[in-house]
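The structures considered in this document are given below.
Paired with subunit B in one complex and with subunit C in the other, subunit A is shared by the two complexes that follow.
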Partner chain A sequence: MREIAALALNTFREAIRNKVFYIIFIFALVLMASSLVFTQLALGEQDRVVKHLGLSAINIFGLLLAMFVGVNLVHEELDKRTIYLLLATGMSRTQFILGKFFGLFITVIVNVLLMTLLLFITIGFTQGATITPSLVYAIFLYLFEVMVIIAIAVLFSSFSTPVLSAVLTFMCWIIGHLAEDLLTFSERLEKEGSLALAKLLHWIYYFLPNLELFNIKNQVAYQESIMVFVTWKAPAMAILYTVILLTITSLTFAKRDVR
Partner chain B sequence: MLRLIATVLLGLLIVCYVFLQDSIIERRQNYRTSDKILLVADRPAVTKALALGFDNMVADMMWIRGIQYFGGNFSSLQDNDKKRGFINLFENLTTLDPNFIAAWEFGGFVYNEACKDPQLAVDFLSRGGHQKGNEGNWKLLFDAGFISFFSLEQYDKAKELFLEAAKRPGCPPYVERMAFEMDYASGRFIAAWRQYVQYAADAEKNGDTVSLDIANDKLDTIYINEVTIHLDNATTLYRVKNDNKYPSPDMHELLESGALMEAVSDFLEKSPDQKSVFEILTGGTMDLRRLLFDRKGQSPLRMLVSQDGTETVVSFKSRAVLAEEQQDAIRNLQQMAEHYEGTEPGRPLEKLEDIFEQEWATNIPMPKEPLGGEFYWDTQDRQVKVRNMQW
Partner chain C sequence: MAILSIRGLSKRYNTGLFSSSVDALKDLTLDVEEGEIFGFLGPNGAGKTTTIKILLRIIYPTAGTAFIIDRELGDAQPHQIGYMPENPYFYRFLSGEEFLIFHAQLSGMPWRDVNRRVDELLEMVGMQHARKLRIGNYSKGMVTRIGLAQAMLTDPPLILMDEPMSGLDPIGRIEIRRIIMELRERKKTIFFCSHILADVETICERVAILNKGQLIKTATVSEMLSEVASGQRLVLHQPPESLAEKIRNAAREAKDVGGRLVAHFDDKATGDELCREAMIAGVQVDEYAPERGTLEDYFIREIGGKNA
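Right after this comes the complex of A and B.
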């Protein structure tokens, strides 16, 4: 456990050294500039515009961070051969994967928290806009989405090159947001009589992460409808899916020839 | 030296790039009406899938695009391409976020007032009012009801929508009252009048000049339509007693002969519920002379008698409206005169009639001067002017 914590902390420090927090400045610029322009044009809808813009920017920047840092996590250690040092200290490959995962997750959490703070400041300066519990819950739930994305990125990076890992992770993110359409499509196929294909799509649907379950940013403007989405089940599902992915990663990486 | 050449070359490349981009945009200008406003798929379901979970942010971008586009194209949204583009935009927008009440309201307003398609507006607003999650909103159904009543004159449908709106939380009591007012002509006038007075007050409070103009135009139209009933009746009575002669444009004979008094008395005797309408028409004074003036009691009304084929058409307009029409006609004629002088260099325009002999203007009739005078071309000032105004 201590080894995992040490490696996680080290991964976090490394991320700071790699200046990933510069993303915050870009975020601040994008958020403030777009809020300034769009809220002027929103004809009384400033509140929803600034919230949706802010949440979307947090989502996009968080995703980019998780994806591009995540796909390099294992590869960099292999490339620089620093993994030998770690493994030589008696650290297991599973501990290595977990340490890397938690290190990046902490980095993303800190990033998201800073971006959230900036969003709250922007909301404070926007006429008619208020910080609501639904906004906080949307960001909280987003952290679970990003946790799944990191797990996917780490899985791919454990057996593939960074470029391919990035492409695959991005595709998983897209499919993850379209997973429910896959289910609808499978139901339609079943009605049309293509039972085998429908069954296959149904299985694929359960195999893929349904990222829409963690996406409530569309409900943020409607405070009253948010309660439906407040449930322990979505975070629990994300944790479960992440554990499954990390287990697979650990098994894959255990067999990998690191020489 | 090499550095200088490189800098100049870079500058040239940038100029070429800017020039090329502008020329491509200019070339495509005539074909861009719809795609410039849209940037969305024809099928809202596809747009929703493409939004990848950022549905409301995309909806917000469409909202901003929609209101900006409306601001610049308010008077030309009847054009088929623009109308189709606007409808597509709002279909996409409301599919992405079906609970975006402001978008439903605004879409309904634009379909009715700018696209001039009230049926589409009623369907759109009703659809918005019946979306899951919008059950707590009464305004969408009220707006649908109001357009059904005022623009489509479908009073039963309007009543049904008003009653449905009245059952929703927060709906003010006047909505239910309006539902029952749909059963009577006098009630319909009062309902429309009250609503547009409210619209005008709200628009003035919010500094919304477009809506204020629309509300004032509607109030003028409602007023003239109602006053016309009494002036028509009085004119009929007057003509019976005066060898079928029409009164003069200022209609003073209707008052002096007592025809107006007789017409109004007959009308109120047959329809006593119209008394409250009459009160509004006379600005609460019940003074018959007010019927010969516009809504604000400031500009006198004029009776216009014209011939449409074999039929004589009688209409009533306030002098203020006619003066506006006169100014519009002067502006148009001035533009045509300048165009004439531009296309006929060395042949200065002598008289306005010459313009209408030009090939490009043969299908355009010379406008009639709305205030009973005539337009002429002042060869000294090179300006279109008016002389011999009768009113």
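Right after this comes the complex of A and C.
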């Protein structure tokens, strides 16, 4: 446990020193500029606009961070051979994967919290906008989505190049957000008689995570009651999915020669 | 007592799409005794680093096993093995001190001992002044020294060093040699992997030579040197021409160097006889001694032709 914590902390420190948190400044600029413009255009709808913009920006910047740091996470340790010394201390491959995963997850959490703080400040300065429990819940839920994305990125990073890992992770993210459409499409195909393709799409739907479960931006923006969408289903699915992905990564990585 | 016993260790890499394979290590068997500095010698690609990686479980052997302090590979206690990698692959964003603390944490050292041990080691390798500086800003010599400190963190009885002197300037090499000698005085066993023969000759007591994944020979350095130390060297100051001519005819090689005749004899009796003759003739004998072979001579003799 101590080994995992030490490596996670080291990964977090690496992210800080590699200045990945500079992404927050870009976030702040995007958020402030777009809020200024769009709230002027949508008089009376400032609350809805600023929350939608803020959550979307947090989603995009969080995803960028998780994906681009994630796909390099294991690959860089192998490429720079820093992993040799880690394994020489007796650290197991599973501890290594978990340490790297938690290190990046902590980095993204801190990053998202800082972006949330900036969003709250922006809301404070926006006339008619208020911080609601549903907004906080949306961000909480988003962290589970990022957790799954990091686990996917780490899995790809453990056996392929950063570029390929980034492409594959991004594809999983897109398909994950189109999961419901995939199911609808497969049902339509089934009715039309394309059974094989329908079955394939059906399998993809069950195989990949439904990332739309974590997206409650619209409900937050339209001020629906938090009771309507609070659910244990999405966090439970994210945790289960992450555990499965990290187990697969550890098992494949455990058998591998580190060269 | 053997601290490290390698038994029939082999490693085969499958390369390419059609599963052609390369034997990086073939049936390696050797013992390293406690407290000795054991040289592991071979040209690039001989299998030295492969052996070290197997011992550290960075890669897995195709066949064979090893025992480190009586425990089989995989069951060995990692804190009993120190490792100094080739071209130290360290986190450049960490300072020397942070790097050592990080590795102390990974090795499970109790918190209360970490700072004291890190201080001791920084002092030992002469890096106190640069403890707060990031490794990315270190010179090659400084990186090597911090790597040595890291290898000694848990005070392991066995230290594996993979090309610790490569790329160092003469001062850096002397400094690392000093630290290694200090470790020997503290009864540490050092598995010194190198292709720089002069370093091995100076530091190691026993040597194994590896080529193309196969063990060629294991012997003490003095045994190897005695095998290549053949013949006598005679240096005379301005000998008369008649004697010089006689020496040129009898010697394997003879040269005039600044008024002196330098001759090499394969046969000691001939050398003795001509030296005596020179002394009787009143010629000044500047030097007459057995020729000292080097590990390089031995190495070239053993594997030079095989790699052509």
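Operating definition for what follows: the second predicted complex is superposed on the first by the 257 of 259 C-alpha atoms of A that agree within 3 Å, B and C clash if a C-alpha of one lies under 4 Å from a C-alpha of the other, contacts with A are read in each partner's own complex, and residues count from 1 in each chain.
In the analysis below, contacts are C-beta pairs under 8 Å (C-beta built on N, C-alpha and C of every residue); 3 or more make two chains touch, one makes a residue touch a chain.
Just so it is clear, the structure is predicted and the values come from calculations on it, not from any experiment.
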Clash-or-fit label for the pair subunit B, subunit C on subunit A: fit
Touched partner set for A:Gly90, first subunit B, second subunit C, both or neither: second
Partner chain in contact with A:Arg13 - subunit B first, subunit C second, else both or neither: second
Which superposed partner A:Asp257 touches (first subunit B, second subunit C, both, neither): second
Computed vertex angle (subunit A) for partners subunit B and subunit C, CA, steps of 10°: 150
Distance of closest approach, subunit C and subunit B, by C-alpha atoms in Å: 34
Residues of subunit A contacting subunit B in one complex and subunit C in the other: none
Complex contacts: residues of subunit C adjacent to subunit A: 13, 53, 56-60, 77-79, 81, 83, 85, 89-91, 93-94, 98, 102-103, 105-108, 150
Subunit A-touching residues of subunit B, taken from the complex the two chains share: 49, 52-57, 59-60, 63-64, 67-68, 97, 99-100, 102, 106, 133
Subunit C-facing residues of subunit A, complex: 2-3, 6-7, 10, 13-14, 17-18, 80-91, 255, 257-259
Of subunit A, residues touching subunit B in the complex: 38, 41-45, 48-49, 52-53, 55-56, 59, 174, 177-178, 181, 211-212, 215, 217-218, 220-222, 225
